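First comes the structure, then the notes that go with it.
Read from first to last, the chains carry the letters A, B, C and D; within each, the first residue is number 1.
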Amino acid sequence: MAIKKHAVNPEDDLGFGTQAISQRVINRDGSINVKRIGMPLLSTTNAYNRLITMKWPKFWFIVLGGYSLANLFFASVYYAIGVEHLNGTEGKDSFHRFLDALFFSAQTLSTVGYGHISPSGIPTNSVAALESMTGLISFAVATGLLYGRFSRPSARIAYSSNILVAPYQLNNGRGLMFRMANERRNTLVDVKVELIFSYNEQTPDGKPARRFYSLPLERSNVSILTLSWTVVHPLDEKSPLFNATLEDLKNSRANFSVLVQAFDDTFSQTVHSRTSYDFDQVVWGARFTPAFFPDETGRVNLHLGKISDHTPVELSANA
Amino acid sequence: MAIKKHAVNPEDDLGFGTQAISQRVINRDGSINVKRIGMPLLSTTNAYNRLITMKWPKFWFIVLGGYSLANLFFASVYYAIGVEHLNGTEGKDSFHRFLDALFFSAQTLSTVGYGHISPSGIPTNSVAALESMTGLISFAVATGLLYGRFSRPSARIAYSSNILVAPYQLNNGRGLMFRMANERRNTLVDVKVELIFSYNEQTPDGKPARRFYSLPLERSNVSILTLSWTVVHPLDEKSPLFNATLEDLKNSRANFSVLVQAFDDTFSQTVHSRTSYDFDQVVWGARFTPAFFPDETGRVNLHLGKISDHTPVELSANA
Amino acid sequence: MAIKKHAVNPEDDLGFGTQAISQRVINRDGSINVKRIGMPLLSTTNAYNRLITMKWPKFWFIVLGGYSLANLFFASVYYAIGVEHLNGTEGKDSFHRFLDALFFSAQTLSTVGYGHISPSGIPTNSVAALESMTGLISFAVATGLLYGRFSRPSARIAYSSNILVAPYQLNNGRGLMFRMANERRNTLVDVKVELIFSYNEQTPDGKPARRFYSLPLERSNVSILTLSWTVVHPLDEKSPLFNATLEDLKNSRANFSVLVQAFDDTFSQTVHSRTSYDFDQVVWGARFTPAFFPDETGRVNLHLGKISDHTPVELSANA
Amino acid sequence: MAIKKHAVNPEDDLGFGTQAISQRVINRDGSINVKRIGMPLLSTTNAYNRLITMKWPKFWFIVLGGYSLANLFFASVYYAIGVEHLNGTEGKDSFHRFLDALFFSAQTLSTVGYGHISPSGIPTNSVAALESMTGLISFAVATGLLYGRFSRPSARIAYSSNILVAPYQLNNGRGLMFRMANERRNTLVDVKVELIFSYNEQTPDGKPARRFYSLPLERSNVSILTLSWTVVHPLDEKSPLFNATLEDLKNSRANFSVLVQAFDDTFSQTVHSRTSYDFDQVVWGARFTPAFFPDETGRVNLHLGKISDHTPVELSANA
């Protein structure tokens, strides 16, 4: 085992815990791989959180479903009170009378209120007043949710699919490298990156313990992320991975978590992005090929599809 | 009295004042235990603040109450002008005429405007124009309030019910410890914690003065709060509590205030959370039991309900 | 002249410029006393800025005025096309016909659309379609403006009316002191204050130049602003004001600008507040009297109205 | 070539890449001169980004165009179902029947719903219910977009058109200087500036490489930007440009990029602004003339139109 052991140091747990685990804490897509049990069942904040972060099709399904259910509910109430209290309806049978109630309900909920069907009597009028109020409030909620979804801060960063052990600088040096670029139209400034290496270490008592190291980087921040950025951890004597082999990484269930923080210049928000590379995503002996080129006018073109492209290279023996 | 005395140092008041008090400044739920007198009575910002932070039932009560009151007000105006200016009404007595005015008002305020009742004459038409305008503006205000409530930054952090004096590291060390975890679905990154100890000290002139110390922590920040985090103040020679006993804490009305700052990754907001432990929440000689376990699939499950669980342990005599 | 001269040092201008001036740069209420000429006349951002920051009465006047003007405009268009295209109207003379057009316009703009008056013919129908669209968009703008006004970050900090030269610590020390407290219900954490002293200095060539110094403070930040905070600049040997007299301050047109930054815990926003004290607000030889007291239940009450209260004291001669 | 060569140092690339280029990376207006290929075609965030940042005329064109297209679409559906299901219509020919459908559609989409035309039959009623729902949702989206446009953080900073080589301090010193001022009504505090110099360097193998230096500034931040601010890079021995001539700058395709960060006090947002000066915007031997003056009342007036004004001066030979 060539991963350098360090003293047990609580400063190193970085908030991930020190229990030996056989899973990633951070998934490839940046989400957290921990299940929380005992969260409050009814929480407006959690509900809002879900509605804001779910995929669009699911969101629209919920909006349309809610509109339909509310309509059916109020239609049933009008029907129960009696459609004879809806002036202008002329349904011949139960089905058509229910439809009349349904269409009146839709016209009330959306506040379009044509008026060719209109409520009469205290109960129907009261329900109609309540329904139009409900419509307005629901619509206010929808406005808030839509704005919340649109304006939610989010960086979409394209990461290379692999993390490479590549030649680095002179003297047969090596570096651990991955590449990233901004996939969005917004400008990211003040970009900071942290690379956390974790693995299972055999402690003297035979029980494995999970260790975490924040790996030093050649450069951990850039002023502005215009092109692709190759993040490099130099595999020199200071690295816990100096003499490690691919086999070592596999045996210790090594994982490299990437935490990126940036400032989104368009929306004035600090955004975060995460990913992680498991030991089986490490390519030993490869180099990234360029991802940007000048076009015929001399303007630089950045090809996001080429961000993962690499070519094998021979690594010299470690000095 | 074994709490180490320090020179009177104004840098230590941390904004809490140095007057001897027999109360917490920060309540268990994180609110501030100070009453302010002389605040401006009419302040939009204070009103907005209240409407945003009050509980949901109270909020809905105010919204529905406001809607009802506005309706009653405008209905009274239409009734005073005369319901004969509301075409399509056929109320036989005062009560039914007022109801007609009320339902017309509701249809106008919500802008549903069926039209089976419609205004005639200059006064009624003018009031109706004003009412629909009022409806729209109220609804705009409601939209803003709802969005403000939804998007309000807030961390909900579960704190252990007690703060423990527990064995810590080798050499019979002790630490003062509490535990915390994120109760929400959002991800908290860059979490910082400050632990402030305060107590009443007997000054030479016999008048007690309140002292405040920011206690040094084993680790005061984590990159990401995925699991539970046990915050530890080592009770070593550098601690003002090195030789203190539970009796000392009680006599000096000791309090431990916790100030947490974190970055909510989902909404790109810095959030704060606070709590405080009074001397009677200190457990002398106990250790937290684990709150997270791998489930059958190997995935880590964090049990929020177990965050306060602890078991008694014997403390060795201080070195 | 006893204000200590420093070398001309461009690092000291702090963004205020070094030209001798006979005015405050920062007004008592925190606004900036500079007129900018040549700003773009038509700028949505500047218009939004004005609408968000103006007083409420002016804001409502603009909203209601805009609604009325839009109504009058569209009414004139309907009238010009001919009210005979508005079915359901029965105005006998020009005035009543215009009123019919006006009420129809109001019902369209607010989208209440009772329908007892309805458009016919291509021109009137087209204008009505445009008007309802205008109504919706205006209402969307109003919603945005209202939310913008509500949620605008703002600290309201009560500053003492005067800045005092008061006894400070042992050894006959003196300090320059002012006092501040939070006037709002929201909690301010992480409060930082900067005190900038400026005065006109006679340069060797006889032309006065404005000098600026950031005065060192006994304590320049507090973790949480729960009570009142007395900010102190010690008048010791390191102070440029060590031997200065009230006369010196007056002759050099001295000014003390206060820049406060805090984090509003309720809305997760960094807020700023500013004020400034001119030489005629300096009280030589006075001490602030307490502004908070425990009430009968032992709870601390902070009296915002007493924030400026001070009592004269005799200053010992400077050491 | 008098630009001082430095060792090839990856810490110097500042996120711009080190490939020799014949173009600016940052345009005069602050936008980024890089084309990204392979961005996701359908992305709500990118669409929102575009709608928020486009010019107002284009935005209104899209809003009105969308409203018209939706109207035409629903009108076609009603027409296809048959206008005989729209009660109250009396179109004599196809064109007028389509117009009836169109006006009914407009009244439904805007929820004005006069009701003189009203739907009958299941298909028409269903489409109308869907249309009014669509209207409400579209309007919610429009509200969010408008608020997003209004509240988008943005600094508008006026930069001088040229960057000057001017006399600076005593001893025949020189400085590279540009000038900036706030063009907006909002107050900018805590303003930080970074000046990045880039040029093509001939490497030993004859291939030019782009080098980047963050130039040290006389003063890189101000507390509050009330007047104009002249940013100065002293051309002393520590500067890579110490002995450089205008010819050197031209031959190496020199560029000076300006990155400004500030805190907008009105909206509590961190804002960024960028510009860049190419070698042909450098004026060798000139000095800025004042841009602010006291008016007759003694109040300082800042003339934004004079921010670029400079006058030629003779430069002494470098020491």
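Criterion: contacts are C-beta pairs under 8 Å (C-beta built on N, C-alpha and C of every residue); 3 or more make two chains touch, one makes a residue touch a chain.
As the structure is a computational prediction, the values presented were derived from the model and not from experiment.
With centres defined by CA atoms only, which chain is the most remote from subunit D?
Result for max centroid distance from subunit D is chain B.
Note whether the interface between subunit B and subunit C is symmetric in residue numbering, meaning over half of all numbers used appear on both sides, and answer same or different.
different
So subunit A and subunit D are the same sequence; what rotation in degrees superposes their CA atoms, nearest 5?
Rounded to 5 degrees, the superposing rotation is 90 degrees.
Considering A-B alongside B-D, which chain pair is linked by more C-beta pairs in contact?
It is A-B, judged by the count of C-beta pairs in contact.
Could you work out how far the Cα centre of subunit A sits from that of subunit B, in whole Å?
A distance of 27 Å separates the two centres.
Could you state the distance in Å from the CA-based centre of subunit B to that of subunit D?
Centres of subunit B and subunit D (C-alpha means) sit 38 Å apart.
For subunit B, which residues are shared contacts with two or more other chains?
Counting only residues that touch two or more other chains, subunit B contributes 107, 111-115, 143, 147.
If you look only at subunit C, which of its residues touch subunit B in the complex?
That would be residues 56, 63-64, 67, 71, 99, 103, 106-107, 110-116, 139, 142-143, 146-147, 149-151, 154, 156, 181-187, 189, 191, 218-219, 222-227, 229, 263, 265-268, 292, 294-295, 298-306 of subunit C.
Over in the complex, which subunit C residues touch subunit A? Could you list them?
111, 113-115, 143
Can you list the subunit B residues touching subunit C in their complex?
Within the complex, subunit B contacts subunit C at residues 10-11, 13-17, 19, 21-23, 25, 32-40, 43-46, 48-50, 52-53, 87, 107-108, 111-115, 117-119, 122, 125, 128-129, 132-133, 135-137, 140-141, 143-145, 147-148, 152-153, 194, 196, 259, 269-272.
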